[in-house]
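Should a chain be cited, it is by its letter among A, B, C and D, assigned in written order, with residues numbered from 1 in that chain.
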Amino acid sequence: MNSNIIWLVFTPLIGSAIAAILYRVKFLDRLVTFSTFAITLLLLFSVHVGQSYTFNLNFMGKIIPLSWNVTHLSIFMLYISVAFGTLLTFYSLMDKSRMKGFLLLLILAANNWIFTTNDMVGFFFAWELMGWASIVSVLGGRDENSSRHAALYYAMMSIAGSYSMFFGVFTLWKLTGSLSISTNVAYLSSIVGMHPWWVLGIVSLFFVTFMIKAGIFPFHTWVPMAYAYAPDTFTPFLSGVMSKYGIYGMLLFLPISLMEKGMPAAFGLPWVNYIFMWIGVTTAVVGTVLAFFQDDVKKLFAYSSFSNLGYIVAAISLFSSVGVTAGIYHAFNHLLFKGALFITLAAVISRTGTSKMSEMGGLWRKMPVTFFTFFIGIASAAGIPPFNGFGSKWLIYQAMIKQHLPFATVMLFLASTGAFMYLFKAFHSVFLGQRSARYDNVKEVPVVGQIVEYLLMFAMIFFGVQPGYILKPIGAIVSSMGLKPLPTMANGYVTGMFSNVYVPLISWSLAISFTVGFILFFISAKHKYVSQSDNYTAGQIPEEWNLTPETYQFSWKFYEPIEGIFAPFFRIKIDGFFRGLANWTAATSSAIKEIFVSNAQIYAFFAVAGLIIFVIAGWVA
Amino acid sequence: MIFLKLLEGIGVGLLSLTVGLLFMGLARKITARIQRRYGPPVLQNFIDVFKLFSKQSISHGFAFDLGLVAGVSALLAAVVFLPMGQINLFPHNSSLIMIIYLMTMAYLGMAMGVSSSGNPNATIGVARALTMMMGYELPFAAVIFSVYIFAKTGSLTNIVAAQGGGFLNWNMVRLPFGFLAAEIALQGMLGEKPFDMAIAPAEIASGPMVELGGKYLGFGMLQHAVGIYLETGIMVDLFLGGASNIWIFVTKQFELFFIALLINAVLPRFKIEDGVKFMWKVPLLLGVIQALIVVL
Amino acid sequence: MLESVEKKVEELKRMNLEAKALGDWQFEVLVPRERTAEILAYMKATGYKTFIHLACVDWIDDQEFELVYNLENYDEKAQALVKVRIPRNKPEMESMMSIWGLCQVYEREIHEFFGINFIGNPNLKPFFLDEWLDIPPLRKDFDTLAFSQELFEFKEDESHGIKAPKRIEYK
Amino acid sequence: MSEWKDLTNFFRGRSFWMLHYCTGCGAMELPPTMTSRWDMERFGVIPMATPRQADILLVTGYLSLKSLKRLIYTYEQMHAPKWVLGFGSCTINGGVYWDSYNVIERLDKYLPVDLYIAGCMPRPEAILDSFKKLRELVEKGEAKGYEKYVKNYEWYKANQDRVLKRTKPVLQKPEEVTRSA
């Protein structure tokens, strides 16, 4: 009995209550949020793998056992999510948006609950708490109308997911009489050889929920809206941490798994996994392609998140030791670099007041620290060694190639190249190029923000150069799932199936070559700095053309040629499918309503028919 | 020991710079001969680089400086991991994907540098180069992964080792479609015609290079030199069975470069979207056929 | 001579205008200033649809400017020169933009080089010359050699064999 | 130190990157100079796309006042060391435009010309000869036009302003100018 686990849930709830009282005083609200996050982080040190806690809830005469269990995976997720949250709330100390601290603390409580709970009631309840708190949080965005629309859309998708999960929970409870996740997973694993289709059906109910939360194709439509219109300081949490709940859920149910015999195989994988892998690859490619053409920088990175989750899904769906390692590792890396990118974007947006890329540009001279954080962020996101995104992308390729899936790998590579393209577009449009005159007085973020940015920069480089600090815990997770962990070597090694990469070596190589480069740079002839308007303009001075920096900045229709190539695919609208579904549902519901309100005889007929169906179903089952 | 490796690394860097510049000079000479001109001296590019580094220049700020230096340095950092004949500094650390991603850093640095100058021509050039990159990386990736699966290894050292024992063991012979696809992709990688939209001097004033002068242009030239060395070197290791010593290695590199040069000398330029479409039709098809043959 | 040109000349003569054929496919017609718009509209309606060029001649001995509207009939392959004379001391002319919008540019140019004011043309800002403050340069009373020598500081230099160029007199 | 200078001058003289300012008919003489008949790349001379990259500025023909302004802007965007080659008689004394009100007469009043090539137009042989001559001058360290320009900037600037930024009529007195707005 380790009651310290439930304090992980209660501390944020208490903090949330205090913050709710204080929410009118913005600074106090932020301070309470930050301190609660920090206290939770401290509490985490007392939580260890293997601890568990059970509490029998007496609900109207029924005993509902609530149980907590700390696994390798949960402790890993807890540490990265709470640490990142602490950093984010520290950054938010100077935040002026309409974001409410108590909502974030509710999400933290749900976060800790989700990652530690071992019963489905708690899981479902925490899931709902997290969902609703985040929906309300989205409402606090800069643009009230859009954020309301986005929150509504998000709420709809969440509700659909909740129903699906509710049915899943109910079915499992009916089947096994137990609410414990581990029991049920074990049960499903035991029957998967006999009834693969049943298991597939039940697991799908859960997976729909997880895919909606993670924003996997084709359930991604809420992602760009919610990410773009949520408060700027909430988006990092939404993208970095909250999308990982879906991944966590998938990891809980994957070991069942569908790896058992009895499933037909495709390319060395059970075909369900094969299809799931392609869903991941499609997500990665679709997200990348859509990200090219966004003008809203938060939307661009929302699509980027969506694409990166595709990578993770593709990797974990292989359910091989490299695949799962790569997937979890990429989840961590994505949390770090996407969190850093969204935090720098929050900084930029707070200073410029716009999130449109075509209205920004040339901010690098004014915000150098933010600029460098963003630079390292996109270098990480593009998978450039020695920054942190490299190892996981490299491992994902290894995992895919080991399964002999060249086409999926090529598509992932395409997504990676495309990622480089849209990342550079955002980089250029926000920081490089010509700075508009209205940003002449833009200042660097306050010291608090700069500290966070330095920390993030350090983390991105440190975990890039020393991947062992992350790969070792992941190795423990992988072995706890019954897979063979990757061989752990010295801290700097990323070990794949085919070859190793010793990242510190790359860093040294880079350090030496940069030193040589700069020596060459400084011993050669002198240079002098000029203003940004001193450009080659075919002999004409820009003022004569009435050119302003805004008109002299190339950021509109950045990848027009590619747009032409992909144009045929843009006619397909996933969004339209869901709208159609909504209309269809409304029509069907009104038709069903007719049954109940129009005629007693018809109602009676349907009631009897329904009864017969239930009886037959029960008999069959 | 470490000191020795350091010296070797610097030596490899200098070697790649020298060979790259020599190749560029030879390219000018050969192109001139194809056009029935006498052509410049073979060492002309060394003269040019020296002159550029002795010129005064203007800079647009620290991102400009950093970007241009990163363009050369990241490639030099990548080139030490390339096995070339008997020179193989880090045989256990020569993953091809790692080298390719390290090269990406050079492109990112270069792109950042030239875009920070604020000249739209430069950015248009970068956007074109990245679009083209998307074109040729796809067939090249297909080829790389075919080779991976075929050789059952991802390390260039082992790929070279797997091709030992004569001409017939080379991947060029074993994987002919893949070789053709990679050869076309190489044309795009080197930025030679018909895929030189990024540096179209008549349309966008030499694109990314528009604001570069003096030592900055010198860094640009050096980057191109190392780029040629690295890209042809990867091709030699992948398809031509590596080499037993550095002279044969460079000769093989030059053969590949020579083919690219001949194509460059006689073809006009693609439109950017046509270039990408071409890459996604012919070489990608070849690469996919190769991958299918390998997998099945 | 083209039949249509002959016919046109006759037609114009019947309208009390001085018209004469200049060659096989070309004719000129002298129009008083107040009838210009009418005649040009008539020409446009009767086949001479294309306005090619507007030229100006400075007849300094007559103290008159001559504006030449150069029209083309591509169906008949014939050309018409509609000439209008305006007094030099009052260089004013109606804009023909209502007939051919294209006239705007030519009138702007003529205004710049001859100083003729086109009434009704909205934009007569200088087009070719930067910061021109002298009298319009293509007028005959503008001394271009003196201008050039003054502006570009011409100096005779015997030691280098630089001599003042002789003024060429046109007869 | 002087050996180092000689060395750099040696390399500079063998690698002229050229920016050709094609205003007049002289531009016609450059294609044969570049291509197989005369092939100026033999001497390390290749055309460049922007002034940032170029070493020599070739002014091929007459310069109107309007293009002079662009030429000066272009010249100032080039990086030192840089040289100007005046091409044909138009840049020397105005050539056939000797009495034109809008074509400048002597280029070296406005920009430091290191070398003039006589002719109207000069043949490709003359152009190649000028490159060789310029190389000799550079190697001896005598082609110092860009330093002269910096040293005598006031004089050049005054000359440029005199023709480009006129504030009063050149010949007439202001009241004589009959010009409607």
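The working rule: contacts are C-beta pairs under 8 Å (C-beta built on N, C-alpha and C of every residue); 3 or more make two chains touch, one makes a residue touch a chain.
Every value quoted in this text rests on a predicted model; they were computed, and no experiment measured them.
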item	value
Common touching chains of subunit D and subunit B	A
Innermost chain by mean C-alpha position	B
Best-connected chain pair, where connection means C-beta pairs in contact	A-B
Interchain centroid distance [CA atoms averaged], subunit A/subunit D, Å	60
Subunit A and subunit B, separation of their C-alpha mean positions in angstrom	35
Where subunit D touches two or more other chains at once, by residue number	50, 52
Where subunit A touches two or more other chains, by residue	534, 536
Interface hub residues of subunit C, defined as touching at least two other chains	none
In contact (per the touch rule at the top): chain pairs	A-B, A-D, B-D, C-D
Residues of subunit D that touch subunit C when the two form their complex	65-66, 69, 93-94, 98-102, 104-106, 109, 162-172, 174, 176-180
Residue ranges of subunit D touching subunit B (in the complex, touch as defined)	8, 11-12, 14-15, 17, 35-36, 39, 41-44, 48-50, 52-53, 55, 78-81
List of subunit C residues in touch with subunit D within their complex	115, 117, 128-131, 133-137, 142-148, 150-154, 162, 165
Touching residues (chain side subunit B, partner subunit A) in the complex	6, 9-10, 13, 53-61, 63, 65, 69-70, 72-74, 76-78, 80-81, 90, 92-95, 97-98, 101-102, 104-105, 107-108, 111-112, 115-121, 123-124, 126-128, 130-131, 133-134, 137-138, 141-142, 145-146, 148-149, 152-155, 158, 205, 210-211, 214-216, 218-219, 271-273, 276-277, 280, 287-288, 291, 294-295
Subunit B contact footprint on subunit A (complex, rising order)	362, 364-365, 371, 375, 378-379, 382-385, 390, 393-394, 397-398, 401, 404, 406-407, 409-410, 413-414, 417-418, 420-421, 424-425, 427-428, 432-435, 496, 498-502, 505-506, 509-510, 512-514, 516-518, 520-521, 524-530, 532-536, 538, 549, 552-554, 558-559, 561-562, 564-565
